[in-house]
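As written, the chains take the letters A, B, C, D, E and F, and residue 1 is the first residue of each chain.
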Amino acid sequence: MKKVITFGEILLRLSTERHLRFSQATNFNATYGGGEFNVAVSLANYGLETEFVTRLPKNDIGDCALQEIRKQNVSTANIQFGGDRLGIYFLETGAGTRGSKVVYDRASSAIAQIEPSSIDWKSIFKDADWFHWSGVTPAISSNAAAVCLEAVKAAHAMGITISSDLNYRSKLWKYGKEPKDIMPELLKYSHVILGDLDTAFFMTGQEKQDPDYQDMESLPQLYDLLYKSAPDLKYVATTLRYSINASHQKIGGILYDGKDIYYAKTREVTPVVDRVGSGDAFMGGLIYGLLNDDLDKQGTIDFAAAACCLKHTITGDFNLASIAEIEQLAGGDSSGKVSR
Amino acid sequence: MKKVITFGEILLRLSTERHLRFSQATNFNATYGGGEFNVAVSLANYGLETEFVTRLPKNDIGDCALQEIRKQNVSTANIQFGGDRLGIYFLETGAGTRGSKVVYDRASSAIAQIEPSSIDWKSIFKDADWFHWSGVTPAISSNAAAVCLEAVKAAHAMGITISSDLNYRSKLWKYGKEPKDIMPELLKYSHVILGDLDTAFFMTGQEKQDPDYQDMESLPQLYDLLYKSAPDLKYVATTLRYSINASHQKIGGILYDGKDIYYAKTREVTPVVDRVGSGDAFMGGLIYGLLNDDLDKQGTIDFAAAACCLKHTITGDFNLASIAEIEQLAGGDSSGKVSR
Amino acid sequence: MKKVITFGEILLRLSTERHLRFSQATNFNATYGGGEFNVAVSLANYGLETEFVTRLPKNDIGDCALQEIRKQNVSTANIQFGGDRLGIYFLETGAGTRGSKVVYDRASSAIAQIEPSSIDWKSIFKDADWFHWSGVTPAISSNAAAVCLEAVKAAHAMGITISSDLNYRSKLWKYGKEPKDIMPELLKYSHVILGDLDTAFFMTGQEKQDPDYQDMESLPQLYDLLYKSAPDLKYVATTLRYSINASHQKIGGILYDGKDIYYAKTREVTPVVDRVGSGDAFMGGLIYGLLNDDLDKQGTIDFAAAACCLKHTITGDFNLASIAEIEQLAGGDSSGKVSR
Amino acid sequence: MKKVITFGEILLRLSTERHLRFSQATNFNATYGGGEFNVAVSLANYGLETEFVTRLPKNDIGDCALQEIRKQNVSTANIQFGGDRLGIYFLETGAGTRGSKVVYDRASSAIAQIEPSSIDWKSIFKDADWFHWSGVTPAISSNAAAVCLEAVKAAHAMGITISSDLNYRSKLWKYGKEPKDIMPELLKYSHVILGDLDTAFFMTGQEKQDPDYQDMESLPQLYDLLYKSAPDLKYVATTLRYSINASHQKIGGILYDGKDIYYAKTREVTPVVDRVGSGDAFMGGLIYGLLNDDLDKQGTIDFAAAACCLKHTITGDFNLASIAEIEQLAGGDSSGKVSR
Amino acid sequence: MKKVITFGEILLRLSTERHLRFSQATNFNATYGGGEFNVAVSLANYGLETEFVTRLPKNDIGDCALQEIRKQNVSTANIQFGGDRLGIYFLETGAGTRGSKVVYDRASSAIAQIEPSSIDWKSIFKDADWFHWSGVTPAISSNAAAVCLEAVKAAHAMGITISSDLNYRSKLWKYGKEPKDIMPELLKYSHVILGDLDTAFFMTGQEKQDPDYQDMESLPQLYDLLYKSAPDLKYVATTLRYSINASHQKIGGILYDGKDIYYAKTREVTPVVDRVGSGDAFMGGLIYGLLNDDLDKQGTIDFAAAACCLKHTITGDFNLASIAEIEQLAGGDSSGKVSR
Amino acid sequence: MKKVITFGEILLRLSTERHLRFSQATNFNATYGGGEFNVAVSLANYGLETEFVTRLPKNDIGDCALQEIRKQNVSTANIQFGGDRLGIYFLETGAGTRGSKVVYDRASSAIAQIEPSSIDWKSIFKDADWFHWSGVTPAISSNAAAVCLEAVKAAHAMGITISSDLNYRSKLWKYGKEPKDIMPELLKYSHVILGDLDTAFFMTGQEKQDPDYQDMESLPQLYDLLYKSAPDLKYVATTLRYSINASHQKIGGILYDGKDIYYAKTREVTPVVDRVGSGDAFMGGLIYGLLNDDLDKQGTIDFAAAACCLKHTITGDFNLASIAEIEQLAGGDSSGKVSR
């Protein structure tokens, strides 16, 4: 069984029920999630061995997060404890023409205060096959960015496959650095990058282009720009999203292997139950496909896109769909019949 | 007032809220339902006199089911008490491309252990006009099948109209018999059969055909095959369902009287609030139409299909729509305006 | 800052959850609302100074309504206390082809028993710019109608802009008068009328016409009929609603200034979370636009229609959308992306 | 099986959860109850045949009440339909030193508007053994009082046992009459009266006394005063309540048969889950005991007091305890061990 | 009407339901509270004019707090907006031998970052009669302590009565100062101090004593020690709490006027619904009594202690008891009878 | 770290909320628990390594149980999958004089159908220190009893300490055997037995005695009777429970080491939040104490009894109290103060 390590922040998610606005809420549903952990949950559900590395505060709220990680069958063996608080995000779920709203409450979180050199990456990566991180972590604090760099360097040195999700969040990046100061050094060890080209060029400080994701002629040249500064880069993937409204999305995907473009055809996603974490579901599907000899490139991008679609029907950050459910949808059956 | 008797199992239904998956549920909504009882509830709501015959365990959960039957204005006069437990089904309500999921938990239920000859059908049918059963009951156990056969024979002997809903559930039928061993003998007393032709041919052990439900030329011949072994058969009806996804169905219907095909035109049903029991709503509408001199054949199939559509908007197994609401929809007004 | 006064009834709203029918409900969500108060809430959210005049019973339920008014930042300075009870309306929220259902429980409400001359309108209107009322209030009782007339006369005498929402509710008007006995006298002081032409002609006792809201040729003539008996009338507006089903509406709007027709283009509204109060949201947007020098007539009707659309996505009677959200939609962005 | 008829009002009860004050409530639990109906529910649970006579509005809320009556296995055969609304009472459940709070919202209720002579008491009482009413009904309106008088006269004429619960509610009696104008005529047909002596003397216009419920010498003389004007009176009973605080009561009872005093010894009731309806539970126990040959007078008052105690542990108006549970407590076992 | 200003932090309170432990919670009830605001709410409920001064973040969660302040009828006229986040406290409500548990999550809160001189106290205090603060605010940060000192100095200069609640929270005070470095300077302007003597001596850096709160001989000498460094000090009060277990408290109080000790007798408080904020309820009662000419010193301490008792029966931080309810309990009636 | 293995059944627990009776419930809280698993959870919380061996069905409900085991930090390494269904128990939580009610729904559960020899006990016990089982498992079916015997024999052979909780449930034992046919053979390998003497004598087929648990003279002789047939027996312990009512218990304990009696003094437990699993909490405390060199015999029984007390304040089957909380109570501090 392949083993995948992910590193990042897990947050307490406090969401209003029944599409209520924040000002109407008298209670919040409490779940836990965070981009890199969400990827680990997908992979654990697909039967891979997974581990999540993070920093949690030593209090009851940190313990709840720890319990959730265990419940999802992800290893907690190398989690560090300390710091002031668990980061929080408040979520108001939109509907129709009203979009969902996220209020970040991440100041002074445990992982923002993580000390460089405090994680023993060598030991963590000993029997690992894959390391996954995303652009959210270096956006939190310079300490978090430094530890992230230690991780990719250690993974690189140990020959472990590295996947990077660009994941740009403009409301983070508040510690005085811009993505282009930090991300190029981190991305250069990547074997797989997930993101759209605009974000990729912005984060790597390259000139803005005008990608047409339907144009199989021009796209390869644009994707190729990312390969220049990442010598190990094998795959770039992009989630294609068309937002009709908050309850209705169209979702497809692209996988580029440095030579050919593979499309997952666009699917209707309506109604949207919860779209947070759908990009992580895509990422999880991508890693699963690339680690799975039974799936070729087309099969991989189809699986990733179908996983992303199904995530939209599931409350919370995690994609709790099974391989069988994803394969059924990837295979073209979107009828949603009752299973009994 | 006409009196209709139905016989079958009533189950405790435990469903997750807000489209949660089973693994996310910390509580279950508890309601009660079962195909033949659901039909009785529809008919009680339409003002008919109804009675439900079943077997319930003598414990608090059985008492809750009993209370629900009374609440729905269905007679409990001939319910038998005994056995280990009330059958349960767990329901996870899907959305969009994710279908709903039913987990049956019916082992050792009270009705599975019912004793042949323990029900006094003669007395039950004394002032009844109609008897309804479905293919779920003979699928439970050989005892349940035997009692079902006693019921149709008694009804036949007493000249009562018999309706049969084929209702094939592959996960039942676990006691060593196949439908074709049991169903033909049961179905041969039918005046009305509800089901699609594939199921009908499979259950009666006939050769598979390839029905085209839009083809008014070939359909009658196929339906006619069912009349051969059921000498009293007057009507066959089929619910037409096209599943766009779990939240979006198209629903129509067919009524065949041995001569002509009557269509209820296909309607959009979106969003689907709860589709469990929608076939029973169709059946209830059909019986109502056939018992009601004010509705001709076209009116009957229109009423049945509109009842089925409205059921999809109602949580739980029962069709709680009123005659007026169904007639409004059957009459073509699907605007769903606020009534105030 | 402009100050707007509204006058009318605030009700306790008891609604079933999760689309449950009344007969399935074991609890009710309790909120508060009423047409004229809903307009005040919209305007308070847009930053205007607002005040709501009403009559509340001196009991705990009346106190809850009072607290809600304060919470919404609407002045309670001139609320009168007394009477038997707070009016109630029960709401069952429909879905798809099943419409929502309102059961009024307003007999003997505090405002129905209000005494003429008991409100000091002169003092209330001292520093006010705008007075808004609707056709619901005169429908409650002859006392309520009398006080409403005192209000419009006082507003007229003091030169305050008066807006009138026709708001016809056939299940009210039970005290022996018809709209045409009461409404013409009330409407004649209007500067702004909101309503469709059928209702306007019915309430003013004029002959039924057959308006085509897409016909820019014939419409002005019909709207002009309303100007005859209302010498100060400047604007008439109409909400355009096309009800596909209870979960899917199309919403547009018309503003007529006595000369030209301004259209807000029709928008898809799906899913509908809660459509009660959407007309009040339109009215609130209209008053905001007319009081706001930055919005021209086209901008005003676009804002009003977009406010109405967004209201459909919000639970409860109030439009809790912000100016920024409404402007984004009015400006054409209905993508409902996550804000984070 | 003995048959008991009760007559009165059933209300929608809207209660806050978790001891919340009204001003904190965002939803209400909705149940149904009313003194005379509560008595019928107790008796139905004890296996007697019961029927409740009342007037319900023809709307969805009235239908919900009707459904609840059926669910509780009480006959609805002679319920009258009409009127504006179902009466409501709001309940805030206290704790410790904070008492529970009831806000009546009963103006214009269906039963307040009942027409004299509109109920066919002769037919209702044909096969009945017992009629029960309480002092709440004549307090509602003069019409309700008139129908109540028709009922007791008919019951008297037909030789049916009549029980009367004094049930004084000072906030009712608002139609211009005092209890002493109405109650003596009604009470004079009683075979059984439940109430404390202060209330009895007040309602019958007699001089205030100072009863000492522990004094077996003086009590009989005081109870005897009630026998003077009620020639058929056989039993008077009193619930003994000592309120330590809202969560802690002491409950006992007295039964007087015109000769001897029978005491049910005082029991600790803590915590109190819900004390509304505990007097009705006492009344139900009393009727059960008096109709049951197996219970002598001491057994009857012990059963009634134990039923009253157990009611305090049950949410809602009804005493849902079984005969076995009540007999266990009446027999002295208050250990509350887990039954499994 | 007297006007009272309070200054401090308002927090989002996230509490588990039904006595669940944090690790069992899947949702949190969301309310708002904070010592000084809680006092303002009590006083607003008693009919005084009140205003709360604080700093709130400009985001949806800050807006919710703002709305709650308005709902409670407390003026928001001088609230400052800015900073990262609203402070949070998580609450797990204990029962019996298991105590409640608070997890503070207040790092980087808006008020911790408040700028000295940024509040215009002169304008705020212009028509005020009383200023209240507590020892929580100077514990948050040195900036918060500095602004608190500005407030008491301004109030002192303007001749406004100042009350100080010692309120020691050991888990705060993390910015490098101890209470004895900060509190003496703040306390010296007090007219009224609430606290126990141990805390008072600790915070003012005085030697530990061993107070016996039942000893009327020795107590005055100990209280007198506080008067030395606070020249305007008139009253010192102490809440007497005896904790039998988390669900059972005994509550009394002491008021000392520099000469005599006034006792409020100890009352049983069981069950405890929620004890958070009970000290603030005491403080609110104390201020009310001292501002109210109708209450003498004994009446004042009785009112304060009864308010504290009643708070224990109310969920949330606020004492939502009315004057009438408190006076009833202060007058000795703790029977908790149903009010109807 | 010591490792403890437990073996038995884990059930889905469906409990009504807010003390509702079954007939009032419209939803059930869903948790998981079972005597032997509950013991494992206690020990995992105390920091021991634990593993639970059981049989789960391969369906979504079985998966939920699996997830719960992981969440509680108990190893799932040797769980067997198969069988029809997960056993269920329905729980109605009593209050005061009304006891809680359990309805078992365990027919055809996965573990009832477990095959002898299907568990590899040797491998499971390889690095284990302790094995715990209870009398519930052999009561389920003869297969379950057989596997239980295999386990104790294997543990005995490998020199592992064995603890046995007698746990008599009369409603189980339905497969034709009585405890005395099965239990003696199982118990004879015990090192520690938990139970009261009546149960012990009944289960081992010995003559009924009349133990007086306060009598230090006679008790040792009675306990000594158990040592005769269990050659390795070192300790017998008994939970002392005095049930005042369902909400008020008194709890103490006895530990006998074959020579001396050690008492944990009786403590008041009120209110009782949930008493299910309190015996397992006692057992968990006992094992912890006996495995912990820092606790002597008196310390061990004090810890066990305090753990049992605290469990009564916690919802669900598990004792989620920490070592620190238990030690605080065992040390005599039952004040339940707020921890903040």
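In this text, a residue touches a chain if its C-beta (ideal position, glycine included) is under 8 Å from a C-beta of that chain, and two chains touch if they have at least 3 such contacts.
According to UniProt, the chain labels map to these proteins: A, B, C, D, E, F = Sugar kinase.
Computed from a predicted structure; not experimentally measured.
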Open item on the list: Between chain C (Sugar kinase) and chain F (Sugar kinase), how many steps is the shortest route if every step has to go to a touching chain?
Closed with: 2
Open item on the list: Based on mean C-alpha positions, I'd like to know which chain lies farthest from chain E (Sugar kinase).
Closed with: B
TODO: Over half of the contact pairs shared by residue number: find the pair among B-D, C-E or A-C that meets that against D-F.
DONE: A-C
Task: Distance between chain centroids, defined by C-alpha means - chain A (Sugar kinase), chain F (Sugar kinase) (Å) - done: 43
Task: Of all residues in chain A (Sugar kinase), the ones touching two or more other chains - done: 18, 23, 26, 67, 101, 271
TODO: Based on the touch definition given at the start, go ahead and assign the chain network to line, ring, star, complete or other.
DONE: other
TODO: Would you mind giving me the full set of chain pairs in touch?
DONE: A-B, A-C, A-E, A-F, B-C, B-D, B-F, C-D, C-E, D-E, D-F, E-F
Task: Residue ranges of chain E (Sugar kinase) touching chain C (Sugar kinase) (in the complex, touch as defined) - done: 67-68, 70-71, 73
TODO: Report the residues of chain B (Sugar kinase) in contact with chain F (Sugar kinase) in the complex, numbered from low to high.
DONE: 14, 22-23, 25-31, 59-61, 63-64, 67, 84-85, 88, 90, 92, 101, 103, 105, 107-108
- [ ] Within their complex, state which residues of chain F (Sugar kinase) touch chain E (Sugar kinase).
- [x] 17-18, 267-273, 309-310, 312-316, 320-321, 325, 329, 334-340
Task: Residues of chain B (Sugar kinase) touching chain A (Sugar kinase) in the complex - done: 18-21, 23-24, 89, 94-102, 104, 169, 171, 243-248, 271, 275-276
